[in-house]
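Dropping the structures in below, format is structure tokens.
In what comes next, chain A is part of two complexes: it sits with chain B in the first one and with chain C in the second one.
What follows is the complex of A and B.
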């Protein structure tokens, strides 16, 4: 292995390759509940060419490679399950191009959400991208590649729906371009070509290393507001979501259900964020949203909550930094969540069962759902806090997450960014020829099985 | 280890690496090294594992702990309100633990030894301490209103001395009553404290307090924000309660009233907040008041300023040990580039360490032609000279 280290050093330079116990320790785990798995090396490339050289070396020597962005997925996807190289991509963080007219941006794969947000604010204040609530050091690529969602998802769908193109280094070291950028100097769309991006989306880094990515940008409107619909009856929530999203003015619709603060306990809150170019337009949009659910207001089974200014400010913040603070509710430093992607009509069941799992395992929970598209589906999340210093508590959360994954699948949903064990649960339920096709594709792209091995595998 | 109980509470979310705008990396050691291990979260997780015996003390581990510049960005920007205030305390406690175990990087032990033996890290004899004042007609402290405490960098570093002379000259011109300790001045100990040598810090603090008290000092003006921090916030624990002012806090009230004539040419200045005046002591206002009171000075802010300021990289002992090191990603060079982007001609500082770090960075970036590092006193004195020259030219023309 010493010669591998030397070769990695010769590719990226001594400052950016490590086989030290310190890095091997830190990169063996993430903030969630999954057990650590040590890498042999941590490497930080700066260019696509360096990534290609690393992949060629790894392919030749059959060394596992695990790409990592912010490492914030929480479900352990960038732990090197079979050792090898962790590729920390965050040195590749340049913002390469903003096309104001066709509203897209091209960035290197390690560019962070926060960096893009600040860059747009400064240089293109009329544009924004869909910001997930992940901490701002999370990468654009890491988020899109796992089908993330965020503050413009009610308008634009999954972040994958906002993908215009990719540059990817294959497990065998070749670089490919996906989308219009393969054929044109512009990164305007993935179409009208055969859409090869699916070879890299949702695979948890098992098919290649993205080095550049283009995503759509959206108008950043000067006037913004949030209103919160509240009810105590989960049965009406699917229709409320259907109506609110159907107005097609919301940028983001986010449901949240938590036992704390006490005043929120037992209620289902639906935050609806929207923006406008003028005050009049904002008022009009608000009225349209209110009108869409007036039936429930008239029946007195739901209504809009008055919002104190500081709370409004918090709900308009992107990313919502207070979300991460859930990790410290029990002074324990950790939480992890299952994000079940599912149809809207499953909301009442998803909610009830979430409460059951949380109560069965006695875990501190926070539930919620982000609406994707015009109510086309939702990412229902079940977040459980745990105390990292208490092994039994970590295990308890892990068990609750496992049960939740099973429960989501049973209901007809699919766990998102699933932990390796949950991926197996998904595969068990999957139409077998689909999984067979996945394997055939992987065998072609990655003949030696070096890309993030242990993921999307049965054994 | 003190603060060990908070280590497991770090969620490794990384807010602490960034400024409020999230625009770029704002933890100097993470910015330089880029491995997660060199970020505040990395330190939290590594310290915990190290205390549990999972990783051994190594040169790498020492480098990780000592490349922290104690800038306080993590304390400012960590989003966990219940323990964020103690992040830097935990890193300091980690260094205390290294000191206690006697496993220090060579550069750090050398630093401690020099201070212990010479009272300064430059290994210079005490006679050298007050030499910066030669020719300025500055008195040794007797019954002046203020003691002007200069510190090691201001006394011994060439760039620091320039700043000290400017500040002292200006204070004289403004009739501030002050004297210095000259050869009797020794290190304030702030860096020794953050580097984990608690015993040596206590020794220095007590010695300084005794000297000050014997001389009858009540009010201290410090050149360096580092000394200001130690004397204001830590000396009281050892019985040393003085009224401590950073020199800008004296100048702020006097410059505006002085009625200086300034040159007609305006001067565009951007201000670099020193961590120990800004983030550690919450004074972002005073140095800007001083600059703003200099007629013709226009202040332009860098994207990262005040609570979001990027440290020059000289804190936590790195000014002397240079464990953080140089290169294009060193925070001093990143900061110099950021200052240049504002279009300012002058990068204003209020700390001798910042002055030196940023001066060197500008040289390394080859930007000496367009950007100069100056403290507010240097700016003022230069402008007074220019005004004089203008005046003389005008007089000779009219003659």
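What follows is the complex of A and C.
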């Protein structure tokens, strides 16, 4: 393996390839509950060409490759289950192009959410992208590739729906472009061509390495507000979401249910964020949103929290800083969640069962749901905080997550960015020909099975 | 226990029905006002119970101090007219509840009661408050806000406990027998609301403005007149204690600011509208706020002066957008004394 290391050094330089125990330790784990798995090498390429050279080497030598963005997925997807190379993309972090008129940006795959947010604020203040509730170091590409969602998802859907194009290095080392950029100098859309992006989205890095990505940008409006609908009847929440999202003015709709602080316990809160170009427009949008749920206000079973502007500030943040507080509530910095993608009518059941799981395992929990599109579905999250230094606490969280994955599937939802064991649970429930097709596609793209092996596999 | 001291005969004999006729939020003629008043006295439903904006003003308008507003709130609760949606009320009750974190603390006079607003303790500084102790937190919250939520029951349950806490955790062992209320709400709760419900208050209560007036006279040689026009945002709770209003004028005179006549000031003041939003009456809240801020702007006010922290939080942004500076009364006094607000 020493010659592999030397070859990696010759591709990226000695500062950016390592087989040292420190790096191997660091890259063996993420912030979640999955057991560490050490890589043999860690490599940080700077260019697409270097990625191609690495992939050719790995393919020739049949060495597993695990692409990694911010390493913040929490479900262990960037752990090298079968050793090999972790391909850390963070050096490929340039923002290549912003098209103000057609509202898109092209970035390298290691560009982070925080970088793009800061860049747009400085150079294109009238534009913004959909920011996930993740630390700013999370990468844009990583979040799109796992079907993430964020602060504009009520308007634009999954982050995958906001994808305009990709540059990908295949497991065999060829580079391909997906979307309009394959045919035009513009990265304006994935259409009207055959949409090949699906070969790389949601595959947990098992089909290729994204090196560039274009995503849609949206107006960054000067006036912004949030209204928070409160009820204590989960049964009405699907209809409330249906009504609020149906108005089609919200940028983001986020439900949250948490036992702490005490005033939140037992209630379902729905944050509805929206923006406007004038105060008048903002008021109009607020009135439309309120009117949509007037039935419940008139019945006195729900209403909007009376929050002065000063108290709204933290609900207007993107990403929300309160999540970082929850993530360390048990101290020890452990935090993982199941994001169940499911139809909104499952909200009451998802909520009740979430409470049951949390109670059964005595875990510190926070529940919530980000609404995707105009109420087309939701990412219902079951977040569990744990103390990483407390083995019993980690175990409790692990079991709660496992139960939650099972419960989500049983209800008719699908766990998002599922851990390898949860991927197996999904495969077991999947229409068998679908899984067969996945394997056939994978075999074509990755004949030697080097891409993130151990994921989307039965054994 | 803690029955409202209300005399129905006084209202029945009242010919002017000022409580309703002068209401800024209910449009009603004298004949109907008398009918609605009778319904309220008899414990029957009335449009007043549904349309009341809970601005407290009828407590001020009543020439007999017969507590028409407390009775309206009493009836709203008894008849479950629910001015605010149920989950919002329940959530607020939890949010503002005592957390049981109070610990005994030695204090020395002057003791400034900051109520539920410990974040404003930084305002207690400089020459005005030399040697002052502050007390604050959920365990000494005056709980007057439940008048907005048709929840006199919460006041009955919590206010006596808060009074006990102030006495037993702070005053008794410190040999202090009076507190200065930073906020109109506390002063109104201890001097007017508590007696109306027969709740005993064993300590003396001083209004912040009485204290400031006294201190400004003592510091008169240090005052540099501010020489600006101000608008005063009179809070709803001041309707319970209109006798304190003269101190506002006295303070303004002492520090050299002008409070021009405005349409929506003094007895015609408009509330900040936060609680009207709790009632989900957004259009009314917008209308009130706009009328109020327009009125302030019309007199070219440089400062919008607040007593109530909630009014400040609610109106700050709007006031700033219109080019005025929102400021608490004590901070404005400190400017007049040449003190920096930022240390």
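What we mean here is this: the second predicted complex is superposed on the first by the 455 of 459 C-alpha atoms of A that agree within 3 Å, B and C clash if a C-alpha of one lies under 4 Å from a C-alpha of the other, contacts with A are read in each partner's own complex, and residues count from 1 in each chain.
In this text, a contact is a pair of C-beta atoms (placed from the backbone, for glycine too) under 8 Å apart; a residue touches a chain by one contact, two chains touch by 3 or more.
Given the structure is predicted, the values throughout are model-derived calculations rather than measurements.
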Partners on chain A (chain B, chain C) - clash or fit: fit
Partner contacting more residues of chain A (chain B vs chain C): B
Contacts of A:231 with chain B and chain C, given as first, second, both or neither: second
Which of chain B and chain C A:265 touches, first, second, both or neither: second
Which superposed partner A:287 touches (first chain B, second chain C, both, neither): second
Chain B, chain C and vertex chain A (Cα centres) - angle in steps of 10°: 70
Partner chain(s) touched by A:300 [first = chain B, second = chain C, both, neither]: second
Touching partner for A:121 - first (chain B), second (chain C), both, neither: first
Which of chain B and chain C A:137 touches, first, second, both or neither: first
First, second, both or neither for A:309, with chain B first and chain C second: second
Closest approach of chain C to chain B (Cα atoms, Å): 14
Touching both chain C and chain B, counted on chain A across the two superposed complexes: none
Chain A contact footprint on chain B (complex, rising order): 8-15, 17-18, 21-24, 33-37, 42, 45-46, 49, 54-56, 58, 60-61, 64, 79-83, 303
Interfacial residue positions of chain C with respect to chain A in the complex: 82, 84-88, 90-92, 94-95, 97, 274-275, 277-278, 280, 282-283, 286, 310, 313-314, 316-317
Residue ranges of chain A touching chain C (in the complex, touch as defined): 230-232, 261-265, 267, 283, 286-287, 290, 297, 300-306, 308-311
Chain B partner contacts - residues on chain A that touch it in the complex: 15-16, 18, 20-23, 25-27, 30-31, 42, 44, 70-72, 88, 90-91, 112-115, 117-119, 121-122, 135-137, 321-322, 324-325, 327-328, 331-335, 387-389
